[in-house]
Structures are given as C-alpha cells and as structure tokens.
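Chain nomenclature is as follows: A, B, C, D and E, assigned in order of appearance, with residue numbering initiated at 1 for each chain independently.
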Amino acid sequence: MDIFGVPIQALMGQLMLGIVNGSFYAVLSLGLAIIFGVLKIVNFAHGAFFMLGAFTAFLLGQHLGANYWVALVAAPIAVALFGMLFEWLFLRRLYGLDPIYGLLLTFSLVLVLEGGFRVAFGSSGQPYATPEALRGTINLGFMVLPIYRGFVILAAVLTCLVTWYVIERTSVGARLRAATERAELTQAFGINVPLLVTLTYGVGVGLAAFAGVLAAPIFHVNPSMGSSLVIIIFAVVVIGGLGSIMGAIVTGLGLGVVEGFTRVFYSEFSSTIVFLVMVLVLLIRPAGLFGREES
Amino acid sequence: SNGFSDDVVRIGVLTDMSGIYSDLSGEAAVEAVRMAVEDFGGEVHGVPIEVIYGDHRNRADTGASRAREWYDNDGVDMINDLSNSGVALAVAAVADERQRHAISNSASNIGLTNDYCSPYVTHYTYDAYSLAQGTGKTIVEDGGDTWFFLTVDFAFGIGLEQQVSDVVREAGGHVMGAARHPLDTTDFSSYALQAQASGAEIIGIASTGADAINAINALSEFGVSPSQRPAALLLWFDDIVSLGLDTAQGLLINNAFYWDADEGSREFSERFYERTGRMPNMAHAGNYSSTMHYLNAVEAAGTDDPDAVSEKMRELEINDFFATGGYIRPNGRMVHDQYLWEVKAPDESEYDYDFLRLVATISGEDAFQPLEDSTCHLLNGG
Amino acid sequence: MPEAIIETTGLTKSFKGFRAVNDISLQVLPGTIHAMIGPNGAGKTTCFNLLTKFLRPTSGRILFKGRDITALKPDQIARQGLVRSFQISAVFGQLSVLDNVMLALQRQRGESFDFWGSLRRLDTQKARAEELLHDVGLGAELDTPAAQLPYGRKRALELATTLALDPEVMLLDEPLAGMGTEDVSRTADLIRRVAKGRTVLMVEHNLGVVAELCDRITVLARGEVLVEGDYATVSKDPRVIESYIGGAAHE
Amino acid sequence: MSEAALDQTPATMLSIRGLNAWYGESHVLHGIDLEVPEGQVVTLLGRNGAGKSTTLKSILGIVPKRTGSISLMGVETIAQKPFRIARLGAALCPEDRGIYATLNVRENLELPTRINDSGLSTEQILDLFPNLRERLHSPGSKLSGGEQQMLAIGRILRTGARFLLLDEPTEGLAPTIVEQIGNTIRNLKEQGYTILLVEQNLRFAMSVADHHYLVDHGQVVDRFDRQSIEQNADALLARLGV
Amino acid sequence: MHLRSLTLPLSIVAVLALLAIPFFPQWIYLVFVMKTLCFVLFACAFNLLLGHTGILSFGHAAFFGSGAYIAGHLVKNYGVPFELGILAGGLVAALLGAVIGALAIRRSGIYLAMITLAMSQLVYFFYLQAPFTGAEDGLQRVPRGTFLGVIDLRNDTALYYVVLGIVAVGLWVVWRTVNSPFGQVLRAIREHEPRAISLGYPVARYKILVFTLSAGLSGIAGALKAIIFQLAALYDVHWHTSGDVILMTLLGGMNTVFGPAVGAAIVAALNHYLDPFGAWVTVITGVVFMACVLAFRQGVVGELGRLLKLRRPSRPEQTADQPARGESQP
C-alpha cells in the first residue's frame, strides 16, 4: 500500500529516522529550555557547545586515547565546566538587562568558538569512528537500522527522561523550579540561587555537548556542525512552550519526525518546515503546545 | 619600465580564508600562487611580481567589491582562485567591466565560459561539464547504467545532476530518480534510505564539501555501498583525507589532478607539503599552473597590458606537471585531460596519502563542453 | 436617585477557576468620588482592569452612561472618556515631564499618525500642558525625564497626564501608594479639586484620605462586595473591621 | 518611650538602625529603628502600606534596595546575600504566603535549607496541620488560602531557624485556625523561638506579643509593651485607620 | 539627550567628509563606503522598531533581501529604470513588512522575535526556490543604468553621490519619524504600552505602521546594495543578515537616532579591514563584539552620550545597567 506513491514500508523507515533526529533535537532543546527557563537568556551558543562536545570527544580520542564511552561521559562534563566558567565570568553581568544582550554575548561566543576551531582544525572536519560494540546494522523488517542509531534513540530518550525526572521529581529540581518561579524568596529560604543558576547553565550546555558526542560518529565532526542548529532548536523550544521541560522533549521528537516525512514528500522544504509549524503554533496557541499561558 | 601599468605585476588571490571552503583553497591557495611566482623568479622583465590575498567570505558582494577595489585602487593585474561559483561569476563580471584578468580554479559554474565569458576571464582547472563527462560517461561505459542522485538543492547541484543525467542517458543509461536536499544538511539517513529503495547501481552525489562528506558517511553507514556504488561528482582530495579510507573506499571521483600521478606532480606536491603541511588538491595545482601560465604570457607579451596578455595566454600551450598540451579556448576554457579515480581500500594504501587509483583518463576534447555549444558572445563574433 | 454613569451587572473574572472578581454589581454615580477598598487581593485592581477592558470579563456586563461597553477595546474605552491610572506608577520614563503630558494632549488632535510632521505642530498645546503640570506642582520640573522624579511626584505626573485627556470618569488605582505624608495631603487636595465636574473611582488603602475625600465607599473582600455606603456606615460595619481593618475580630 | 523595657533582656536577636528601603524610585522605609530581644514575640502594627512587610523583607535582604544597619545575632547583615542571612537562622513567612505553584505540598514544605536539626520533622508539621496531610502531593497552586497559610508557616518550622518573621499569618484564615496559629506561636515562644510578627489584627497581636511597634509611612511612630498596649487599645485602633 | 548639542556640528562634519570622500580614492574605497551607507540606512531603519518602539524583529533580512531581489530583478530583466527599481524594492518590502508586522505584533517579546524569524525563513525559502534569483549563484549582472536618464551610474563617483543622496533622504525620514508626533507615540509605547493604551492610542495600528515604514526603508537599502554591486545574493535574505543588523544597532546604541549608523560603519569596517588576519577574522570579530557587549552596553554613541552627561552635574540617571541589589553600608 502506498501513500502519495511512497510505500508504507519506506514511511516506517523514515519515521524511525525521524525519531533518531528527533532525539538529537530533544536533548538539545531540553538544554536550551532549561537555560532559558532559569536565566531567561536565549543561549545562542548552544549549537557551538554541541560542536564543542563532538570535538572534545574527538580530541580526547586523539591525544588521550580515550574511547567513545569515556568521551561520552568526560566530554559533556568538560564542556559544562567551560560553560559555567563563561557564565561566571561574563554572562552573569547581563542578568536583569534586556535578554537581547545575553543573546548577543552568546552569539559572539559562537564566532569565537567556531572561528577558533576552524583555525585549529580546518574546515573540512574530522572522522570519528563508531565504537566497535555498536557497529553494523539490524534488520527491522521494514528497514535496516544501523545499531548505533538505535543506541542514539535509547541514550537520548533516557537522558531526557532522567533530566526530566531530576527537575520535576527531586529536591534539587524543586529548588531549580522554585528559583525559576521566585528567585528572591527562594534566596530567603537559604538557597544559593546564583550558584544554582551557574549549575543550570552547566547542565544545559552539558546536554548540548552530550548530543554532540552522540552525533560525532554519525555526522562529520567539523567546526560548523552546530551553526545552523540553534535557531531550529530554539524554534522547537518555543513551539513546545517556553519553560516546559516535557514540551521541549516531546516537541523535539515530534519535529524530528515531521522533518523526516518532509524529506520524503517535499525534501527542499525540510529545513524550513519547522518555521512554518512555529508560525502556525504561535498564532493559534500563543504559549506553545505545552506552555502555560502567562499574562 | 615601459609596458607595465605600474612598476609591479600584482596578483590577488581572492579566496575563502575563514569559511567552509577554507580547506579547499584558503591559505594554501595563496601559498600555491606564491610558489609559482618564486619559481618564475619573482620578477618579469625586471618588474617585481607581488602577491596579495583577500577573503570573500563566500559572499558574492564581498568578493565583487574586493575585486573592484583591487583593480581600481591597488593595481591588481590578475585575480586567482575564486572558490565559490557565486563569487566567481560576480568577479568575472567585474573583470570584464574593468578589463583585467581573472582566473577561476575552484569554481565549477560553466557560465564562466558561456553567458559570462570574457577575454579576461579564464576557467582553468575543471568545470561542472567536465565533472559530468568524466564521471557520468566513464561510469556508464563501465557498465554502471542505473543512477540515483543525491542533489544539493542549489543551482550547482541541480545543474550538475542535469548534466550527468544527460550524459548518462546519451550513453544509454537510466536515471531512476533524485533526492534534493537543502544546503548544510547534516543528516542524510533519510536520503540514504531513498537511494537504497531506488535500487540504482550508481548513486551520484551532486554536492560538495560537508554535504558530500555527510552523504557518503550516511551511505556507508546504511550499508548502501558497496552493493550500490556512490560516485561523488565533486569531491576534493581534502574531503577524502577527512572522510578516511574506511568510509571513502571504492568511491569514484573525478579530479583533474592527483599528487601521486607522476614525477612532476610528486615533485610539486612534496614542496607544497613542505610549505603548507597539506597535500595539494586540483585547485591548488591549478592555482600554481595558471599563475605560471599567466606570467609566461606576460613575459611573452613584454607587457602586463590585459589585452596583449589575454592573446598570449590563448596562444601559448600549457605543459607542466598539471597539464600536457593544455590550451585556452577563445571563451576562456582551459582544455586539458581529466581523470577518474577510485579511492583505495585501507589495506591497499601503502604510504601516507596513497589514496587514489586511476580508473580512466578523459581527453580534454571529450571532457569539456564543445566550443560550438558554448553561448559565449566572443565566439559568434569571430 | 440619578442615573449611574458606570454600572456593572454580575461582573466576574476567574483565573483558571480562581475567582478574583465574583459577581460584582457596582454603581458609580456621576459627579461623585467613589472609593473601592479591601484587603490585598480583594480584586480591586482586577475590577479596574475589567472596567477598562485590560482584562476580558468572564461574565457580566459593563454600562458606561447607559451604553454597553463590554465589547469595546481598551483604547476605545479611553477615547470614550473613561481613563484609568495604574497601581504601580505608569509614566513614560525616558520622556520629559512635559512630553508625558503633551502625549496625552496630542491624542485629541488627529495627527498622531503623521510621521512626516514636525513636533513643533504640537507647540500650541504647550501652554495647556504647563498649566496642568503647574496644578500638580510639577511646574518646575518640565524638562526632567520622568524616570528621575521621586515616586510620589510620579503619581502626580500620572494624574496630570490623565487629566490632560479631560476624562469624564477617572479610575485611580492607589494614587497615594508609596507617597510620603506631605505628598499624600497635597495629592489628596489635588484629587478633590480636579474631581469637580467629573466622576472619580479610586482604590486606596489610606483610610484617612478615603474618609475625607470620598462620598461613597465599596468594600471588596475575596472578589465580592462586602458593604457599600458612606464612610460612617462602612467603617462601623463589623464584617469590614473583621476582614479588612482588623482589630475587633470575632470577640 | 522607655529603652529601659528592653535593656533588661540579655541577648538581642535583631537590632535595626535607620533602615531605609526602596522599590524602584518609591522610597518606602524612612529610617526604621527597632530591637527584637531573644526569645520574645514582637509585633509590627500599622495600616496598609505602612511598610511592615517591607521591613521584614529588608531584614532578609529581598528588597531591591536598602540602606542602614541590620544586625542579626550580632552579625551586620545589610551587605549580606539573602541566602546567607537565612542561614544565620532567620526564616520568613511572607505576606503573600510565597507558595510555589510548580511545587507540590511536600516539595514546598521541604524546600528551605535546614540549618540545623533542631527544626520539626515533616511528620511533626503534618501532625500540627492535619489538613496538609491529605493534600501532600497536590501542587501548591491548588491549595485553599488557609491551607497555603498553614504550609507557609509549617515550611519555616522545618528549617531549625530560631528567628521567625511572620507576615500577617492570620490573614484570611478562619477563626478556628487563627486560634490554632495563636497557640502554635505561643508554644513556639515557650520553646525559645524569637518571633517578629506583622499583624493588623490587634486583638490577636495583643494575645501573643511582648512588645509592639507601630509603623506608619515607613517609620516607627510608637511602641508599647503588654501593659501600655492594653490601655491604648482604642486610641490605637483609631490610629490604625478607623 | 545631551548629545543633541553636539549632533549638529558632528553631522555637518560628517556630511562634509562624506562629500569629500571621492576625492581621496587612495585613502578609502568608494564602493566600500557605498556598501556601508546601505547598512547605515538599514540599521537606522531597523532601529525604528528596536530602539524607538521597543520591538525586536529577528527577520529584517526578509525586507532587506526583498528590496535587493525585486530591484535587481526589475532592473535586469525588465529594464526598469534605476530609480523606479529602488522604489519598487522599497514598496514590496514595505508591503511584506505590513503583512509580517500584522502577524507578529499579535505577540510580544521573544515570541514576536521568533515569529519574525520564522516568517523571514519562509521568505528565504521563496527566494531560494524562485527561478529568477539564481539561487546561490545570485542574481548577477544587474545593470546600474542611469539616474533620471541623464547621469551614467557606471561611474562610481556619480553612483556614490546618488546613493549618498538617497541614503540621506532615507535617514532624514527616520529622523523625521522619530521626532514627529507619531514618533512620540512610538516612544510612549516603548516606555509603557498599557499606559499608552489607557491614553486611548490604538497601539496595534502604530506598530504595524512603523513596521511597514522600517521594512520599506530596509528594502530601499537592500535595493541600493543590489544596484551598487550589480547583484543580489541569498545572504541578503539569510537570517545572518537579520543578526548582523541587530548587532550593528546594539554596537552603535539602540537608544540613539544615528547610533546604529556608527554601529553599521564599525561592522562594515571589521569585515573590510580584517582580511590580513586571514582565518582569524571570525575569532577577532567575536572578541570585539563580546568586549562591546560587556564594556559599553549603551553602544558606542550611547556611552559617548553618557560620558558627556556625567561631565555635567545632573541627577543619577536611569540606565540599563544599574546594580540589581541595593548598595550597602558598613
């Protein structure tokens, strides 16, 4: 049976791949959403941190001989530390100002990071080998799925759920939500909100870096691998509803699928579909799909 | 001194120094031109030769204004490299208007030798047409006659796809279809699947740079190759370096130059490697060869007067490590042999950068657009 | 009893179930100063937002001079002559005191869309603006950026701006909030003066002022009208004392 | 008025001198001076907008801008970050109750950092306010005003802070609960807690407090102890705005 | 604004300098100046929204690019005369501005920014697919033609003075708008929208009008650029261009009328003169921007104005960067 001349089988395959991409979107937009929720800043450097994660993994392998699994843990932590330093040195000077300044600062950071890596490693990028354990493909009947892609889905969804759990269900998360809701009063309860903010930024960019490491074996590790990502990711967050963790995750996965199908039926439009969706959503449901309507 | 516009022959290398193509041309391209000038002796008829460079940021307007400034204010006599077709076309327009020389080595758009042709513009290393011929024709003749294309949704890709398709059909092959992807697509899995579904023997990759690399990655990841064979219509030597042989092995690529082809190329390449720490690709070699040719023409003409030089350039034959018996047609097309290479498997590679095996040589006459098909206005004139 | 100039029937506003304003039927008589008091969160500001359509009522009707204005937009309501001020002072901070008032004056002239016109066209209104500012004791501050005024003077400026529209009805939300004692009395006098020939509906916590200014008082609590009447009646009412003023609670 | 009254008490929990506070450009506190002796209950009286809540907020450093001197347990805190002040052992139950809508009752309850384990356990608090037990897992926004108030008070009893700042804890509560809170405050006092209470309900205030400050327009205009307040009750009611 | 006192002399100097430029080709390159002028107009037009109305549009490339493509297309393929081409570019952009504006202003803040971004991406896609744009090769070889059929614009100097004239008019319109009753209302909306409404202003209509105006002027800027370089390219509609213009505006100072002009000049100069640094340009640019955001938040001109103010004894002044928590005492 066909849909617009595309066999249902193929569609199943595309659905699968859509979910894979969606998982990347989910992890990335999750990080962006957390940062925006607490810092009220659009972290324009999110794509750059994604790239940073991939490169860190690559470098760890090159110079320290660290294998994929080590990198998967070490790289995000390293990047998170870097991000926290950045927040501590520069970003926090802009709190309470028009968010546009934060946007501009993080944008400058993008230039520095991407430019720097291009100078250091050239523009055509580096290969990163898939770990032995995850080489090869499995036949799902309707498609052959590279095992690694399957792993990406698992890792990403797991990370998202853990993060969601930590934020929505643990005392640390409670503090975070409290700080988001009323920073002042929360301080009055003896909670070190500034530190919390720094950590939040760390976690946010750490997630981006994690996505980067996941991406390294699939996509080529090159300095501009994250450059066009950030506006799409932020679109995802806005569609999901600013401040909604689940919104970011679900919308991420969803849009991955939507994009996947667009690639079959109207491929040229696949990089633009997200924005069409966003316009429609924002005009029909101002606060985004999962967002609370605030006045 | 007498015939020289100002007392220096100035060559400007207009390239992508900081952007996504900075590996394909960039600083290495500048170095190649410098080498040519040094090898030439640093001066012509006692007039010093100077090399300057600029960054076009892959933006036509930036390139055009830089070119204008060079021609108008800085007495630049010839602009070389011109990676990125948009920039090349814009600069060609300026060159024609300002009546100064421009040579493109890393752009593919055949408009340069058709609607946009000019007595002052030379298209040197390769063009979309030669890619189509080199890859399409040869492969079909080898028996790979069903094709599917992964095409970047841009004039470059679409043009390339169409040309190859024509060639394939002419040679009796079939085109099963094409998937058009936006520029800077990172994930090609979806297209890999479509390619797989098509069942075509040859998967033509009509894109370049990061897109091509990611496409090839996806194809091998999904086990498309080797059962189906990817053919990269424009893949640079640097791309193979960064893909690694594991992924790239078996690829068919059309390149006008390979460092390990013969004595001459090896000699140049090793010197080049000394200076830049990278092996030259066809554009770098073209940068060198074309600069050399331009200077020879200047010497022969005894002046840097653009018209005189233009005549000499079209008159003199090109014989060096890059081309044998190469010559420039009235429409500015430099005609020389093209080669189809296959990427070796890791175990076949015996030493560093031992990447390619020659599959076929396409004579210049076959490789490039026949003169009678060119829409260049200079032709119907005389 | 004269026809009410503002009349609401069953006015209700709920925020996701929570009823901030619950079935309020209010009558403001022309020419009176009408106070609305009540504990924090009673629904006073919400009431104002409803009357001026900054919030859309969940249910209920609003009549202005007998006409139903429930469907109008905020700016239309303002143009009808029903103008409100804000609880947290609302001035155009970066503009000079004079320009703040000029902005209000400029509206009546139809030129506010002329991006090609020069500001000088408005000079004719300068005199009027200065006069208004003089009335509120800002005559000396004409060129000060409004943001630089002390809080109390801001409220005065806001009042002047509101007056510049020459509204039939003024809704003032805590016009005395955050003022020092002297500012309070000055502004209170001002309100009394300008109230002549208009109707004023005001929210105020300062009961002393309310006592001397207002002809009529509505006490809200938990979004509902608790008592209505003149000060004497209201302040004696045990429920008011219990819920708002405090003191003789459930003895 | 007599400083003497206070000088007998050994330790001073809180001592404020010339406290000024602003919201943006709105100058709200104009030089507050007050003392809170350790182990006693002190109330701030005053009509709406007098600056009572702002005084409490200032003590914890959560007003946009404040100047003057606030010494808490002998430590000067005017320059301290709010969370450090809190960790000295002061806990605020704010006027608007400060319940977090996105946190459920338990999370709200367990949010404040425990500075020592002298505080009540969650269980003890739930025993104190049984209504909270049923609603333990429902979000703070869904609580009734009364339940929110109980939560707000219970919350700070957990921290182990010895100095409690209660802003109108009886506001909008049913008489019975007001009673209950009164008792709570009394036996907290017996346990040696120090309490600064903002209260508009004079009778209630009189029933629990040792000292009273009358605040008006951001200044302390008068102060009473147990005896003097009894005599001036009616006069006071008038000054509170009736 | 104490800069006022300096504005007149400064602008006179600037005008004279601009008029003199063609006589010193060895010092500064004419086409570069023309390009800068385009961005000056673009940035000032953009700031009508950001600085003067407090609306952040993240999609202004759509207007700039439309101006470029429309003008280029008409002039090249329909032989429309120069001045009509420019006008058409402006009109189409203005129309687009009215539409996008009408949709976007139904939201505010970050949401508005995202809507404009999204719409501009759709516009980008249109020009990417439209047959006449030549996709990434760009719309090439746009003839410069003549001005009013007399002045031959292939001569850079001639073109320069024409461009200078048009940009001057454009800037005058901006200045006029800002200093008109209309501009006064815009400022009111920026300062306190609810208050503006409560004064009876139909805020939505004002926003749409200023959107249209800003878009139109941006379109003219784009159209000029297309004529100057004789080409229109995708980068003109790419969101990077939207980002660039925000950058220029902030660098110059968004609370000033001509600050963005300075910002535009800075950015253009960075792009033009950093070439010798080869691959390092991007990094250097980034560092410069960072320094600007952190060091002078009011933008170059804004900070200048502040310094001038600090000179005089005047009340402490409201600035974006006041300490959040209050000062303290020993």
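Just so it is clear, a residue touches a chain if its C-beta (ideal position, glycine included) is under 8 Å from a C-beta of that chain, and two chains touch if they have at least 3 such contacts.
Each chain and its UniProt protein: A, E = Branched-chain amino acid ABC transporter permease; C, D = ABC transporter ATP-binding protein.
Model, not experiment: these values are computed from the prediction.
Undergrad: Listed by label, which chains are in contact with chain B and with chain C?
TA: Both chain B and chain C are touched by E, going by the contact rule given at the top.
Undergrad: Is the C-beta contact count larger for B-E or for A-D?
TA: B-E
Undergrad: Let me have the rounded angstrom distance from the C-alpha centre of chain A over to the C-alpha centre of chain C, please.
TA: Between these chains, centre-to-centre, one finds 48 Å.
Undergrad: When the C-alpha atoms of chain A and chain E are each averaged to a single point, how far apart are the two points in Å?
TA: For chain A versus chain E, the centre distance works out to 32 Å.
Undergrad: Using mean C-alpha positions as chain centres, tell me how far chain D is from chain E in Å, no decimals.
TA: Spacing between the chain centres: roughly 54 Å.
Undergrad: List the centre-to-centre spacing of chain A and chain B in whole Å, with centres computed as mean CA coordinates.
TA: Chain A and chain B have C-alpha centres separated by 37 Å.
Undergrad: Which chain A residues sit where two or more other chains touch them?
TA: Residues 115, 118, 268, 272.
Undergrad: Pull out every residue in chain B that's touching 2 or more other chains.
TA: 18, 22, 26, 153
Undergrad: Hey, what residues on chain C touch two or more of the other chains?
TA: Where chain C meets two or more other chains at a single residue, that happens at 147.
Undergrad: For chain E, which residues count as touching chain A in their complex?
TA: Listed in rising order, the residues are 56, 103, 106-107, 110-111, 114-115, 117-119, 121-122, 124-125, 128-129, 239, 243, 246-247, 250, 279-287, 289-290, 293-294, 297, 320-321, 324.
Undergrad: Which part of chain C faces chain D closely enough to touch in the complex?
TA: Touch list, chain C to chain D: 39-41, 89, 147, 149-151, 154, 174, 177-178, 180-181, 205-208, 222, 235, 241, 245-251.
Undergrad: Which residues of chain E touch chain C once you look at their complex with the stated criterion?
TA: By the definition above, chain E touches chain C via 173, 176-177, 179-185, 187-188, 191-192, 194-203, 205-206, 209-210, 213, 255, 315-318.
Undergrad: Within the complex, which stretch of chain E touches chain B?
TA: Chain E reaches chain B through residues 25-26, 29, 31-32, 35, 128, 134-138, 140-141, 154, 156, 225, 229-231, 233, 235, 271, 275, 278-282.
Undergrad: Please name which positions on chain B make contact with chain A in the complex.
TA: Listed in rising order, the residues of chain B that touch chain A are 18-24, 26, 153, 179-182, 184-187, 189-191, 193-194, 197, 209-210, 213-214, 217-218, 221-223, 236, 238-239, 241-244, 246-247.
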